[in-house]
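One chain, chain A, links the two complexes that follow: it is found with chain B in the first and with chain C in the second.
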Partner chain A sequence: MIGFLGLRLLRAALTIVLVVSFAFIVLRLSGDPAMTIMSPEAPPEAIAAFRTAWGLDRPVWEQYFSYFGAILQGELGQSMRDGRPAMAVVLERIPATLMLTIPALIVKVGIGVPAGVFAALYRNSWIDRLVMALAVAGFTVPSFVLGLILVLIFAVSLGWLPSGGQDSWRNIILPVITMSLGGAGVLARFTRSAMLEVLGQPYIRTATAKGVPWAAVVRGHALPNAAIPTVTIVGFMVGTLIAGAVVVESVFSWPGVGRLLVVAVANRDLAIVQCILLLVAVTMVTANFIVDLLYGVLDPRLRGTASTGAH
Partner chain B sequence: MTQITRRLALTGIAATLPRFAIGQSDQRPSITVAVQKIANTNTTDPMREQSSNVSERWLGSILENLIGRNQQGQLERVPALATSWRRIDATTVELSLRPNVVLHNGDMLNAEDVAFSFGSERMFGADVPTDVRAVAKRYWPALERIDIVDRATIRVVNSKPDVTLEGRLSAGGGQIVSRRSWQEAGSWQANARLATGSGPYLLSSFKPDSEMVLEAHDQYWGGRPPLRRIRLLEVPEQASRIAGLRAGEYQFACDISPDQIGEIERDPKLAVKGGLVLNHRILAFDKQHPALVDPRVRLAMAHAIDGQAIVDSVWAGRAKVPAGLQWPFYGPMFVEGWTVPKFDPVLAQNLLRAAGYKGEVITYRARNNYYTAEIATAQILVEMWRAVGLNVQLEVKENWGQVLDKAGPRGVRDWSNSPTFDDPISSIVNQHGPNGAQAGNGEWSNTEMNTLSAALESGTDIAERKRIFARMLQICERDDPAYVVLHQNATFTGLRRDLPWQAPPSFFLDFGPKGWRA
Partner chain C sequence: MPAFGVQSSVMENLISIRGLTVAFDGVPALRGIDLDVQPGEAVGLVGESGCGKSVTWLAALGLLPGHAAVGGSVRLGGQELLGAPAQTLDKVRGGRVAMIFQDPASALNPVIRVGRQVEEALRLHRGLTGAAARAEARRLFEQVGIPDPAGRLNSFAHEMSGGQNQRVMIAMALAGRPDLLIADEPTTALDATIQAQILDLLRRVQQDHGMALVLISHDLGVVADLCSKVGVMYAGRMIEDGSADQIFQSPSHPYTRGLLAALPEMIGPRRRLEAIQGAVPNPADMPPGCAFAPRCTQAGSDCDAGTPNLRRVAGGHRAACLRIAA
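On to the complex of A and B.
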């Protein structure tokens, strides 16, 4: 188990290094933060002074190594826009994002998994077709389109809910619905597929033949065995909790990490972007790690392979 | 479960009564304004937010200049924190400070605040960020000192003759801040987020990239502010701003594109106000591009453009083709009779033939609607150029760094020009002169223009300065084109029809006693 954990942590660290390195190189080579933040009307001397102040006049490789050196000392840099510590800027946005992404995750799982199970249990019936049609619609409509449609209906026409902002709990409803429908659709399809596969297995037939009630067969044998693909998708969704609302936060003027990422990328505010990516990578790797551990819990056959790190 | 007793109920009622009474005593409305962006640099200081029409929307509500601009007129100079001013000589202006001006921190404005606002701690000293010092140097290239004559009189002393001192005092970089608040903030950066001035509204809170709240400054020298509270909310998507306006959540929605005006006004409760502002959309040339070295090719590009067609089609006639890179508020410096190169495709073709242009690719860099209707305008331009035989390739870039990147061919690019004060130095010299951005980027420079820039900066004779400016226009727009002026920009704000707000001829959202005529 220790070997397994060590290997996973090593891979996680390597993933994070690669993500941050990739972001560093792409952002450094795709725009000058001085020109972007200061604007092209700024005096050339001001732009030159900005570059010097932030070390942008040094060779890229030198900037890269000093950046990593700083990270190893726990220093993630400062925002070039206003000089505040990058980690503080990002951390103050995380609660707002989690206010959307956690309820959205609950709604996705709460709708998607039961819908997928029902669709599988009533395979080829009108229920199955209706659920799958809604699921396809859910994940094919882009979230910015869905968000604006919901705003037009519930905010502009009916006046029931606010169109944006962060003033009260009512402001959460439309963004959460917008974020949930696509994910619920994905989960419904995966759950249905997994359930159909399991329902065709010999042990389901055996249990049924032994006279076990159908509800007990589904609850005790089908659902746990179908859970692995669903847990994988949910794990991925957990990994996107931090920065999974980029578009929705822009449409609903929600001041979370997603909006911050958009603004920071547009301004090439490198410390902020890298700080967010670092957090996202850590969240994603942690979520994957937990999912790996859950595999062992859900399926005893995988425990041996997990402990050796094999798949 | 808690029992609601009579005592508890009475206590609750008593606790709410005073608050209710206070609330009732102030009947002024509060508004929410949806803006695309609140600030570029997440600061509230004009030295950091320089060159930005983003912060121009609210800065004037918080900070004021000694000399103001008539936002309800044509932006002509008007008394503000100074009641009067006079020239002592070519390098000195004396100003009488307005008495009884209460700053947002409760202090009375005095000459020390004014001297501090132009001093080393705020603009030029070693503790000031180096980029801010460079910006300050552009605002005040030869400022020597501020002399305090007495508590109510100061003198602005320049090291060189400068007829634009009064104009500079009315522009960005001329705002007056509270000395005490600045020094108490502890650092330049900390202060840059806590603007404390004398305007009709004081900064109550500022959440970067999210919202800014301004509260009425009831001791405002210009009269009681008409609004109790202004909340600026950052709503980046235009569709979301319009939806919020229609839903009644926002009373104002800024940065409305011309094609949405009719859609908004279809709702009888809503209106769109605004119009021309002090900003010209231009195209800037890189004359190092092999195909653009010959000025006749650049001039041909100018003659190939039907600016009025762009104004009529993209702006529904609400913008304007101006008289070159100048504005009527230049007053005596405005060159009457000057025009942009006329739309003449035949002349353009003749110029291209004479220059030996053989269809070489000219790169045109634009951003994705950084300017209103930028991409639509760019596509129209490419077709207009194609019609006269120019082979222009549009490249859409994500940011200014990419637009100005020297790697790869730079031909022509989108830009705009705003005069920060009422003299050509603030526009043509600032952007196209020897120390301007176009020269700094290595795109364009002209020896005669550089000489004339120095002469315009130090000249004091109006007639001679005007002659110099006219020659500059001739160089930059005809002889050795540095840019092409496309049209004067306009800005539009959607609002509830019953609100008594007057749109000024600028980006400033004037919610002061004069801008809001209840």
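On to the complex of A and C.
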């Protein structure tokens, strides 16, 4: 188990290093922040001074290593826009984002998993067909389209709900619905196929043959097995809690991390973008790590292989 | 017409199957099975894969998937099982009729400890919970010869061998104190030495508990070893039945004779084993008369006229073939 954990942690760290390096390279190659921030009409001395101040005049590899050294010391640089520490700028946006993404995750799981289970239990019936049709609709309609349609109907036409702002709990309803329907559809499909796979297994027939009532077969024998593939998808969704709301935050002008990212990219505010990417990488990797641990809890067959690190 | 087994005894039948038919999406898999099992007797069902041996018992216990159309009658001590309410079937399954399957490793739930799976049956059929259920599960593990029974209660199926898993399945089957145990190819997935141990165990628990046993197998040797009565199935019908001696000493149906000729003999001169020519007919496209006629060396045009019924060969021995002198 220790070896397994060590290997996992090493891989997680490597993933984060790669993400941060990739972000560094792409951002440095895609345009000169001094020109974007200072504007091309600025006097050349001002631009040179900006470059010196932010270390942009040094060789790229030197910038890379000093950037990494700074990250290791917890120093993520300052926003090039207003000079505040990048981490502080990003962190103050996180509560607003979580206010949308956590309820959205609950709705995704709360609708997607039961819908998938029922679709599997009533396979080929009208329930199954209805659930699958809704699921496909849910994840094929892009969230910016769905968001605009919901705004048109519930905010503009009916006037029931606000289209933006964040002054009451009513403000989160439309963005949360917009964000969750696609995920609920994906989860419903995955849960359905996981359940169908499990319901066809010989141990389900064994449980029925020993007199376990069908509802208890589903609850006690099928669901624990079907949870294993479903947890993978939920884990992926947990990984997107921090920055999974880029589009929806833009549509509903919600002041979260997603919108900060869009603005920072447009402004070439390197420190902010890198800080957000680092956070995204860390949450994604952490979520995957937790999923790996959960596999061991849910499936005893993986505990043996886990201890050798072969999994 | 009396069904298989009725003639040989005056005892009341434990379970009585009459005219059992099963079709999957309109394609017939069972075409009218009559079969009786009496208390405490051991009955063997033999035949090739797909002949309907397992489907007969899955249908009888309502274990087939929803798209299977089941007809006929299955009576257990006077109670009709086909179409019975779910609560009735849940009491019968595991409580009066238990079933064990071919591949014990996949027949046990991979994420639940085997002890808990046995305790579940004890709770359902004998109302035992907690420490009492644990103690009884342990006793059952001992009885079926699982070494370190107390420790093994906490194992998962993947941590044990195929033979051990089949012993767990047998312990689970015994948990409900059933009157009948259906063993569906119980040794097919196991090594030869383990096969013999499991068959010994089945024989022992059958005698100790006075249960009836139905052994489904394509292995004639296994059936000859354990069963006093044998039914031979082909393409969804019973084509010969009788006592084990009658079937193995003087087989009447050309198919049964073919099966026995395909077995090597342990004594006597070496001979070339005879295979039955051809293949089992497609259930969706059955021959007009006797289903075996296309592969039968004795078939004539009269065999295509209609499906032959079981006819008496000798006391309690019947075969469904026109070539048997009446």
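Everything below uses one rule, namely that the second predicted complex is superposed on the first by the 309 of 311 C-alpha atoms of A that agree within 3 Å, B and C clash if a C-alpha of one lies under 4 Å from a C-alpha of the other, contacts with A are read in each partner's own complex, and residues count from 1 in each chain.
Simple rule for what comes next: a contact is a pair of C-beta atoms (placed from the backbone, for glycine too) under 8 Å apart; a residue touches a chain by one contact, two chains touch by 3 or more.
This structure is a prediction, so every number in the text was calculated from the model and none was measured.
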Room on chain A for both chain B and chain C (clash or fit): fit
Touching partner for A:Gly112 - first (chain B), second (chain C), both, neither: neither
Greater chain A contact set [chain C / chain B]: B
First (chain B), second (chain C), both or neither touched by A:Gly235: neither
Which of chain B and chain C A:Phe50 touches, first, second, both or neither: first
Partner chain(s) touched by A:Arg205 [first = chain B, second = chain C, both, neither]: second
Chain B versus chain C as contact partner of A:Ser250, first or second or both or neither: first
Spatial angle chain C-chain A-chain B, Cα centroids [nearest 10 degrees]: 160
Lowest inter-chain C-alpha distance for chain C and chain B in the superposed arrangement, angstrom: 42
Residue numbers on chain A that touch chain C, as the complex places them: 201-203, 205-214, 220-221, 224-225, 298-301, 304
Chain B - residues contacting chain A, complex: 34, 40-43, 50-52, 129-135, 137-138, 189, 192-193, 207-211, 233-237, 239-240, 243-244, 246-249, 398-405, 415, 418, 430-431, 435, 437, 439-441
Contacting residues of chain A [partner chain B, same complex]: 30-50, 52-53, 79, 81-84, 89, 148, 151-152, 155-156, 159, 162-166, 250-253, 255, 259-260, 262-263, 266-268
In the complex, chain C residues that touch chain A: 58, 61, 63, 86-87, 90-95, 98-99, 101, 103, 106-112, 120-121, 124-125, 156, 158-159, 169, 172-173, 175-176
